[in-house]
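What follows is a pair of complexes built around subunit A, which joins subunit B in one and subunit C in the other.
Coming up: the complex of A and B.
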């Protein structure tokens, strides 16, 4: 590890939501690390806690939910317990977020120019004209056409792809060191998705922005990530460089996910499937969350495995990593 | 297109949606000014045939009219123009009995199982209602019938007294499938039926579709935007763009030898494991609005090879000797 603190370092993060039925453990012991300029892909199914990990970093967990324990360090600075005023100064300027639904970023009753100028002036002192010019420039850089017109439009006058471009332009206004992107292209069409990924890859490379890309699409992880973390049941079950993880997955869940993709099965034949369904985060016990669906589960799996390092960059949480039972 | 043995076929099908002019527009037209009538040509002169036992994949981006086409074929909405043929008989020429049989024979499975299941009804009512109404079974047999259907789709029959919200997404989709199967259909129109499901559940439901095809001899119209899923399950694929079918061919053919520039662009953009890290290039331009589709070939504003002819004249679907149909003016050698 370099002597400099990593850009983002999360240790044993736990974000829980008390409910009348019990404690909903959305994030239950996540460790991850992002270096400057790196692209980390966080892969998981719905309910695996991948979005909640992103929200936790930005301090966006709504009560009654709260971060119960753990540490989130940004450039060595602890974010958990930081006063809201300091957090506000970081949010949007140093760490930005893009959501799946651009309408979570955009205010439906304000014009695009108003919103962009407001976002700029929140962190930097500049005149209205300067801010307008920067907004114009920012929209051009995300591949928007007829920018002057779009600036005067309201969000509902734009298509889904256009809105997401505006949301991305806003998130990159202050050239943040870290951008958390929560499934920003999932709701978009294939051709629009690739346009947006293209613009984001270009801009992040230009600005040296590190990217945490949250997705459920393993193909996308392979196409754009440096490293990948696979989440299941509120924990990271496997992490490492994308190429290594996807060419030789160590965790049975990663393997099962990959084997169930149509592109890895013979056309027209039954797909290999993971039996059962994802676990509820409610009243999660001590056992390995994947055990009920795992073909290799045995008595050892009643106790959740700790993260084991496979190499300097890879780790896995499984008692039976890499072993495969013959059918 | 050959229509010899087609189980279900549409010929020259149009489905337009009109928007009623609002007060200001009515006033304006009353005062003599003209404005455009706001017609969405959701499906624009489409010919499509599905052979018995075939799985036809219908691919396109949002707003291209693929769901509308599916709904017309399932008889849920009426076409504006053109005809739907079932076993070679046009819907206009069917006797009332035949029309009813044709209606029952094509059933639909929707994308979002929660919004397509009545939240206030129990599974036994959701699945068991239609077969009783249509006289396939009598009320006394209902419980056994529903139990056998639930078993067929991989659900525990003991759960039949529960409500939809008590199930997970994958289980709800299975209920939707059981409901469609309850009237013994021959064709299932699956409209993005696995798109809302998680990857691990998606594989389970796709396997169910393939098992049912085998055991019940079903024919499918499988609508999806996911090219990987369509490639896996389909025998033949049709690609739609802004209301028109731009290419149809057998699955091997279309994935190995795509001819239409749009199909090529789509195939290039799917992220596949093993392709490695890469920079995306992207098809330029946005999907045009169906309210104002571009003249000529609808794809020309985004097409890298567009010529003047493409801007003026809409290409027709031309079938090659191998059965590969493409609607493009450009000879494929030029692409």
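Coming up: the complex of A and C.
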């Protein structure tokens, strides 16, 4: 083991939800690693388990769902099974989270200043006036205007973009070492999206905060990530440095995603898409989850492939990595 | 995101301003609220409004008993609503009785809210066996008729204002616990709770600082209904002779005192306190109904 453990290291994480119809395997063997200050983009479609991976890190999995096995280490400390009080001390201070829908994540009946001051005082002893000053600073840093007025406002008096800025400001109040952003721009319109992405990148770089950016948009990975993990069916099917993965995708699913990007398609033609539907995470078997939709699938794919290292930083889960079938 | 834009463009009102805006669109409800305010004011200032102090035995003359409304006594004082069996001025006794009834209703309601809301929130947020234990007790309490529990408690405790308040609190908290639990259960699944957990806030902080304020609308509705219920239950208990002591008559006791004279044609001793009780409860219920209409997202917002 290296003397300096990575900031976040997830090994074989499995988060399952028992249902009357069977076990819903939302996360089914995820390995990933984030170094301090790095930006990791976690890409996947709805139901691929990317959000649940993020939630598992913060221990936000609601019963009956639970982390069945695996390990999540933050700076070498095991988070799974950590007492709630210790976990609470880490939440918000060391590891913070920004959620998808800014309409829902701020408490509708509390003023912005109340919510920010509360978040500050949860981890640091400070006077009300000090906390208010810190909140004021934090909102200015995320590019809010007329901050004093905004602090006195209720969430419903702010637009979606402003609310997400507030949520980001709150998440960065304690300069966390790790920020998990769960599709923070999905609910916003495109112009606000790019502003928010820009602000978050800038602030994380300033604070030295590592960022796990959960998204369904592979194009975003290109724009902001150091490394990328592609998730499918509760597993990471391909991971590695963004440039390498995007320039030479090894997994057929990544290739399918790349081919369906509008920018890769010819104007006037139908967009390419991956045939079939995402698999159900219910009662998943031993075969490769992507096999039913995969052009390269054969009998070997009845056994799920193990993660194969392609280089020190790249790995893929496929029996037929890099093989392309000619249409 | 048209909704976001709409919300942003709408004139920013605080929640209370919005509440009043919605509430005041119904004139009857505004009158009812005004009447409630008037009754409250009259009850609070009864020491100045009442022509006589009904607790002061020195000013009460037995020879003035059972006088009809409008009679005058030798001192030149007019009994506008007549006198009761002890010669007390009915108007004064009713004002003091109203104060006592409202006080008992409000205090027992507030205590019931405190206990019921806390237990309901704890049940909803902690879940598991805590929830099961609390809710089974609630089911047990709600399984008995209110008046029966109150009667049992009072016959064990004896008479007195504090005992009546305690008994009324005990019969009311279960309603609050159940209502708050169901609201809190839907609130705890909202994303702001997850966000609050991710900030490292403590459980108590999340329950009482974040979930409770979002349960206020339903608490407000049930509180008005329950306070009216508490006042009528207290009146019933006093009427049955197990409530407040006879030296401090509440509205229910005044009705009971006059009950014996009702058949002899001395209607005023029972009927006037009865009417006051009716109007009081009616007005509080009207306010509660209106609050339920505007605060319940499922019911239509009618003007």
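Here is the rule we use: the second predicted complex is superposed on the first by the 322 of 327 C-alpha atoms of A that agree within 3 Å, B and C clash if a C-alpha of one lies under 4 Å from a C-alpha of the other, contacts with A are read in each partner's own complex, and residues count from 1 in each chain.
What we mean here is this: a residue touches a chain if its C-beta (ideal position, glycine included) is under 8 Å from a C-beta of that chain, and two chains touch if they have at least 3 such contacts.
Computed from a predicted model, the values in this text were never measured in an experiment.
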| item | value |
| --- | --- |
| Partner chain in contact with A:167 - subunit B first, subunit C second, else both or neither | second |
| Contacts of A:159 with subunit B and subunit C, given as first, second, both or neither | both |
| Partner chain(s) touched by A:93 [first = subunit B, second = subunit C, both, neither] | second |
| Which of subunit B and subunit C A:106 touches, first, second, both or neither | second |
| Touching partner for A:118 - first (subunit B), second (subunit C), both, neither | second |
| Partner chain(s) touched by A:191 [first = subunit B, second = subunit C, both, neither] | first |
| Contacts of A:60 with subunit B and subunit C, given as first, second, both or neither | second |
| Which of subunit B and subunit C A:321 touches, first, second, both or neither | neither |
| Superposed model, subunit A: greater residue contact from subunit B or subunit C | B |
| Subunit B and subunit C footprints on subunit A, overlapping residues | 159, 189 |
| Residue ranges of subunit A touching subunit C (in the complex, touch as defined) | 58, 60, 62-63, 88-93, 96-97, 99, 101, 103-110, 118-119, 122-123, 153-154, 156-160, 167, 170, 187-189 |
| Subunit A-touching residues of subunit C, taken from the complex the two chains share | 1, 4-5, 7-8, 12, 14-15, 127, 189-192, 194-202, 205, 209-210, 213-214, 216 |
| Complex contact set, residues of subunit A against subunit B | 45-46, 159, 161-162, 189-198, 201-202, 216-220, 222-226, 242-243, 246, 256-258, 260-265, 267-268, 270-275, 277-278, 293 |
| Subunit B to subunit A touching residues, read off their complex | 61-62, 168, 170-171, 198-204, 206-207, 210-211, 225, 227-229, 231-233, 251, 265-266, 269-284, 286-287, 302 |
